[in-house]
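Chains here go by letter, A, B, C, D and E, matching the order in which they are written, and residues are numbered from 1 within each.
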Amino acid sequence: MSKQKANALREEILRISNVDPLKCMRCGKCSATCPAYDEMNYHPHEFVYMVERGAVEELLDDTSIYRCLSCFACIDRCPRQVEPAKLIEAVRNTCLRKQGANHFKADMLPGKLDPELPQQAVVSAFRKYAK
Amino acid sequence: MMTFSYYPGCTLKNKAKDLDEYARLSARALGVELEELNEWQCCGGVYPLSKDEIATKLSSVRALMKARDNSGTLVTLCSACHNVIKQVNRDMLTDDYIATRVNNYLGADGQYHGETKVIHFLEMLRDTVGFDEIKKRVVKPLNGKKIGAYYGCLLLRPAKTMQFDNAENPRIIEDLIEALGGEAVIYAERNECCGAYVTLEDKDFAAKRAVSIKNNAESMGAELIVTACPLCQYNLKVNAAGGVEVKYFTELLAEALGVKEGFDE
Amino acid sequence: MQKVMLERAKALLSDGTVRAVLAWEKGDFAYDTTPAVFNSAERLEKGFVYSPFCGANLSKYLIKETQKEGKILVFLKPCDTYSFNQLVSEHRIKRENVYVVGVECKGMLDIEKIREKGVTSLISASWEGEQVRLVTADGEILADSSELMQERCLCCKSKKHVAYDELLGEEGEVLDSNRFDEVARLEAMSAKERFEFWRGELSRCIRCNACRNVCPACSCEKCIFDNPDSGVQNKAAADPFEENLFHVIRAFHVAGRCTDCGECSRVCPEHIPLHLLNRKFIKDINELYGEFQAGETELPREPLTEYKADDVEPGVVYERGAE
Amino acid sequence: MHRIGVFVCHCGTNIASTVDVKAVAEAAAKEPGVVFSADYQYMCSEAGQNLIKDTIKEKNLTGVVVCSCSPRMHENTFRKAVSAAGLNPYLLEVANIREQCSWIHKDIKDGTEKAIVLTRAAIAKVVLNAPLVAGTSPVTKRALVIGGGIAGIQTALDIADAGFEVDIVEKRPTIGGKMAQLDKTFPTLDCAACILTPKMVEAAQHEKIRILSYSEVCGVKGFVGSFKVKIKRKARFVKEDVCTGCGLCTEKCPMKRVPNEFNLGMDERRAIYIPFAQAVPKVAVIDPDHCNMLKNGKCGVCAKVCSVGAIDYKAQDSFVEEDYGAIVVATGFEPINIDAYDEFAYSQSKDVVTSLEYERLMNAAGPTGGKLLRPSDGKHPHTIVFVQCVGSRESDGSPKCGKSYCSKICCMYTAKHAMLTREKYPDTEVYVFYIDVRTPGKGFDEFYRRAAEQYGVHYVKGMVGKVVPENGVLKVRAFDLIAGEQLQINADMVVLATAIEPDKTARPLATLLTASMDTNDFFTEAHPKLRPVESPTAGIFLSGACQGPKDIPETVAQAGAAAAKVVGLLAKDSIVCNPCVAHSDEKLCNGCSRCERVCPYGAITYVDKEFKMPDRSIKIRRVSQVNEAVCQGCGACTVVCPSGAMDLKGFSTEQLRAEVDAICK
Amino acid sequence: MQVNNSTGSKDVFRPKIVAFCCNWCSYAGADLAGTNRLNYPADVKIIRVPCSCRVNPLFVLQAFQRGADGVIICGCHPGDCHYTSGNYYARRRMTLLFSMLDFMGIEKGRTRVEWVSAAEGAKFADTMNDFVSTVTALGENRRLEDLRCRK
């Protein structure tokens, strides 16, 4: 990815997330409190730091963006109101909005259904992982 | 009889019928009528965090508009619906960027600027009915049963918007449990996410989180966990099968109020 | 009523309770009564009057009169008692030198309105229930008092005396007055319309100072508009702005102290509704700082010498009103 | 006839680069009354001042205008120069053509035009200036210190040693404050009690110091040099001058289960108690909320056992009013409430403690007798996690409403705790989670390094995200930023370095004192750099943590500095007052009392005065009079006066109107 | 609102603005704006007063009478008055005065009260920039003078 393109992506992510990574004071509390920490390759504090540096390509290509639980723990416990979850979602949106980039597709569904699965699991999977 | 507009949400019409029905029965027993909004649409199950997600907020706004024109207050029950609708309502009230664009979409349907008050069923029990009043109406007290409340993430966070309770040390379900004659068990993971959102993406991970929560509750002495969310309920009960029992808090309430039998599965 | 008052005044004069009586005196015509100090029963017999034309608020004259030795009797209508209280609270009237007789008031008549009705050669007027009996050289007319009353009496704020030593006639209540309606009507206009309205009104001002001279709140030892050292003394107007400045500053000086007695508008020879300026301040004060009626008590409390930490910000002005 | 001199300063290029100073001087010369106008390189230099002095004498000036920097900068300098030349110093006006003109305008035309207008306004004002003579007001040679912690004690001792009487008002039953609760002090590790209690005793025994413990300031009137302070002496129910402090009553009192605030509720005291062994005054006090005798008249044990008859159940709150020349605020700090931070499980587990609680747990006089034991089960902990910055350094409006400032003392006391723990109990593992370790201070960084290097304290850069009490351990989930990994530590205790904030009583006290505060309720200083121990309100001084977070050495240093300022004030017999005060023209005064009602200082009184009337009669009128020593010159009275009788010297209606005219011309 | 275009196109209209600034806060804030080289239009001329409560409505009206296009009063933030209560009185007085001017149809934008502390140099400059642009947009102050018809 060209530097220019990376930069444009970074700007886009900052815009739609409404996050200012410069507010981060590097305390690591977001990654300390993240319940999905073990499932991620890049962790909340890394999203903040990497987006700030413009290293968005690695983030776009990583499954970490599908592991965030949107539980807002990092948002509420951040002392500086950086709101890393918004950044992760913005990266995920940037990725999903590309053509054919839906992470979750209707044909995947049948195999995953079980009799007790609540509807909202399906609804939210589509909202989180598809356009 | 007080009447509130009520938004059940998709799951409460299907897999979580019991959560909904126990709530309505209990409410009626407590002198509150939940008036379901007509033609509500699914909230989408998860609040879109990105600033430019506009269309995904419309269904919530439509529900909010209807509630505004009815009673002015909207009661929700499912944690996910509550979270989505309350956050969208905050956006409509405080975020001009989002409000303008949403209202552009709404066009002829009218305009909305966050006028509706969104409260959770639990808040209604606490603030409208009152836990003291509930205590008086209990016919089958829980006899000191040790119960752990499971809040999860959606009821409490983001705290500034939800303003539900102390997000790190909530009391509302505990107070309800005690009003019903049970003994509330406080455990630290009651406000940690159970991971159910990724159940289709990574079932094992979701189950791992759920087990951790159940273990924590059990280790602090809980004999039963109550939830407010069908997704949490599924994750704790199905994905993390075995161990301590999991129920909706409304079932507990209906039981204690002696109206549980009104529900015919 | 007049008879009862006269007897009472004479009695108090004769037993030495009071040295003089401040009341209204007959003029050449029924409607031109004037305030006067009577120091004998004879003068009272000859000149005392209390009729629907005794609108003048006598409280201001007490400033001078109570400086003198001995007590003076004063007749005060309900609205006059508010001015009286206000002046007492400002230490302008020596309360111990006054004997206040509160008198009932059914509203004062506006001679202009009577003339507009085509009535001429008026000899006398008297209340008869809700009506007024006008005796003229051509006979008697019975008219609805509401058609002939002064504007300030039509929206009377109180029939209750807030200060008196004794009462003659019936005591009334504080009324639910609609006196701010006209202010509200102006507020609802666009700024341009308001501007045009006031331009129309104020451009008639001739700076005769009648409004100031009659106003019980305008009782300064020396008015700044008479004081050559103030820089704003009354002289030939150097520019057309001076009258505006005079009226705004005058209204501001009496803000929080004005009891809304309406004398300013009554005496204005150009019929400028000056009371609306005062009422605007009163309305704002009521709305922004809580209901307040100057002169209601003798306590020295008034909105402009008080504050609350959470008072509204001046920016509230930008949010209110039209345009 | 006015003879005004105008002096336009170049201020090097500061003014001259965007203001044509020559043009300003020329324009000024044309103003009526101006007989001299010149520009000069640096007016504030000695040569510049000499120019003013010489011109005053040469041209016999009646007024001076200096066009230069802000009057807040050099007005006094020029006043002195004017005065030295024999002219009244208040016949000077400064036109601010630097800060409010040359520095903000880039266009020389704009700058010059504005400078001319400002100069014209200053000339218009100065011709109306009257010579003013500052009055004086006497100084009461006593000081009041509010708060009896180390800051208050030190300030009181220093003032008393200089020979002035001092009263210490302390709201608690004993002086000593927070320092009395501490175990050891950094960076020397000497015991807090060992260095504090001698000072407490010294204060108690000092002939110039009076300690009013269990008392609160409830009213302040007056002004610098002569404050009148109303002090509430709360009922102690024990006669202070009779009680010998034997402590028998505190052993016999049957009401045993009262949480002991000195040990932060970690153990219990009786309803009648002496806060701690070294309390000063060492006098018992009855807690009326828990005493059965006071609550329902049943008991009376303490009265029975007291051999000197010191118990007085009928005691009432009393009030005293005292005069002081100066007031020192030393109200100190409190740890914040950490309800919003329950991810650290403080409310869920007794083994999660604040640092101040840990201090008591380490202290030999604490609830565990100095043995480090877990509050939950009394067992010796083996793994202890310290969490830094709990509630400090949060952005404004953060969800938990934390403090935006650094609490400053936590890094050092945590290093101390960690070090002492490791020293006494080498079998414990100690982790400190930090965002930054801040150790500026003499010997501070060395101390911290010693904790890490010699005592093997694990310093981890990162925060703790969650503490889960489970099966008797505290599962601490944290993040190690250097290793880049989430850590899971099973700890026995967690210690929270809780942010500190000003004492709750500070805000109402500031209102009483008319002293200003910042948004965090810390008292603001008159100047952050140059007047750090004075409040902007004259006669009010600041000592210790009421002004901002401080450690003990800094507090003691500030306490001494505040004392020096107080002594400087009390050493004077009188102080020079601001001559720009209100003045009432009796001829115009109506006596209506409006000015009196708005005066914040009670400087206005009324008298009945005789006036000779034109007709030779005598009239008695009520007129206002301003006490010039009390008036501070705000001018609130001038606007409520409808007759214009009230005016303000130095900022008279005439002067301000002249300025308006000159600007709008 | 009536916008006066009498200034024509050849000369850019430059309003006359009188700013009354409290010596303890906003005057120092203005100094700070200068120290930090924060620009605001030269149309603003500051008059130093000891406290916002020293500002008599007479001064405000007089400024308009003499041709000012806008008058702004700056004081300490509520609660921070050097004299404890001066700005509270000023707040009531000016609120009522401005409301009265509005009542008489004078453009609201010509008068303003702002609380600017000694530390708020940037706020001072921002406030002045904003006020000048508001007043500039309103154009020359004619209504006050015209309130009484020129004959």
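For this structure, a couple of remarks:
In this text, a contact is a pair of C-beta atoms (placed from the backbone, for glycine too) under 8 Å apart; a residue touches a chain by one contact, two chains touch by 3 or more.
Just so it is clear, the model here is predicted, and its values are computed rather than measured.
For the pair chain B and chain E, chains touching both partners: D.
Comparing mean CA positions across the assembly, the chain most remote from chain D is C. Between the interfaces C-E and B-D, more contacting C-beta pairs are found at C-E. Among the chains in view, D has its Cα centre nearest the centre of the complete protein Cα set. Chain B and chain C have Cα centroids separated by 64 Å. Chain centres here are Cα means. That of chain A falls 47 Å from that of chain D. Distance between chain centres (mean CA atoms), chain D to chain E: 33 Å.
Residue positions of chain B touching 2 or more other chains: 158-159, 167, 192. Looking at chain D, residues 343, 399-400, 466, 598, 640, 653, 657 sit in touch with two or more other chains.
Residues of chain A found to touch two or more other chains are 73, 75-76. By the definition given earlier, chain contacts exist for A-B, A-D, B-D, C-D, C-E, D-E. Looking at the complex, you find that chain A touches chain D at residues 23, 25-34, 37-38, 43, 45, 73, 75-81.
Across the complex, chain B meets chain D through its residues 158-160, 166-169, 186-189, 192, 215-216, 219-220. Chain contact summary for the complex, chain D toward chain E: residues 70-73, 96, 98-101, 103-107, 110-111, 113-114, 117-118, 121, 514, 516, 536-537, 580, 598, 600-601, 632-636, 638-640, 648, 651, 653, 656-657, 659-661, 663-665.
Residues 343, 389, 393-395, 397-400, 402, 435, 461-466, 477-481, 486 of chain D are the ones that touch chain A when the two sit in their complex. Residue ranges on chain D touching chain B, taken from their complex, read 339-343, 345, 347-348, 399-400, 466-471.
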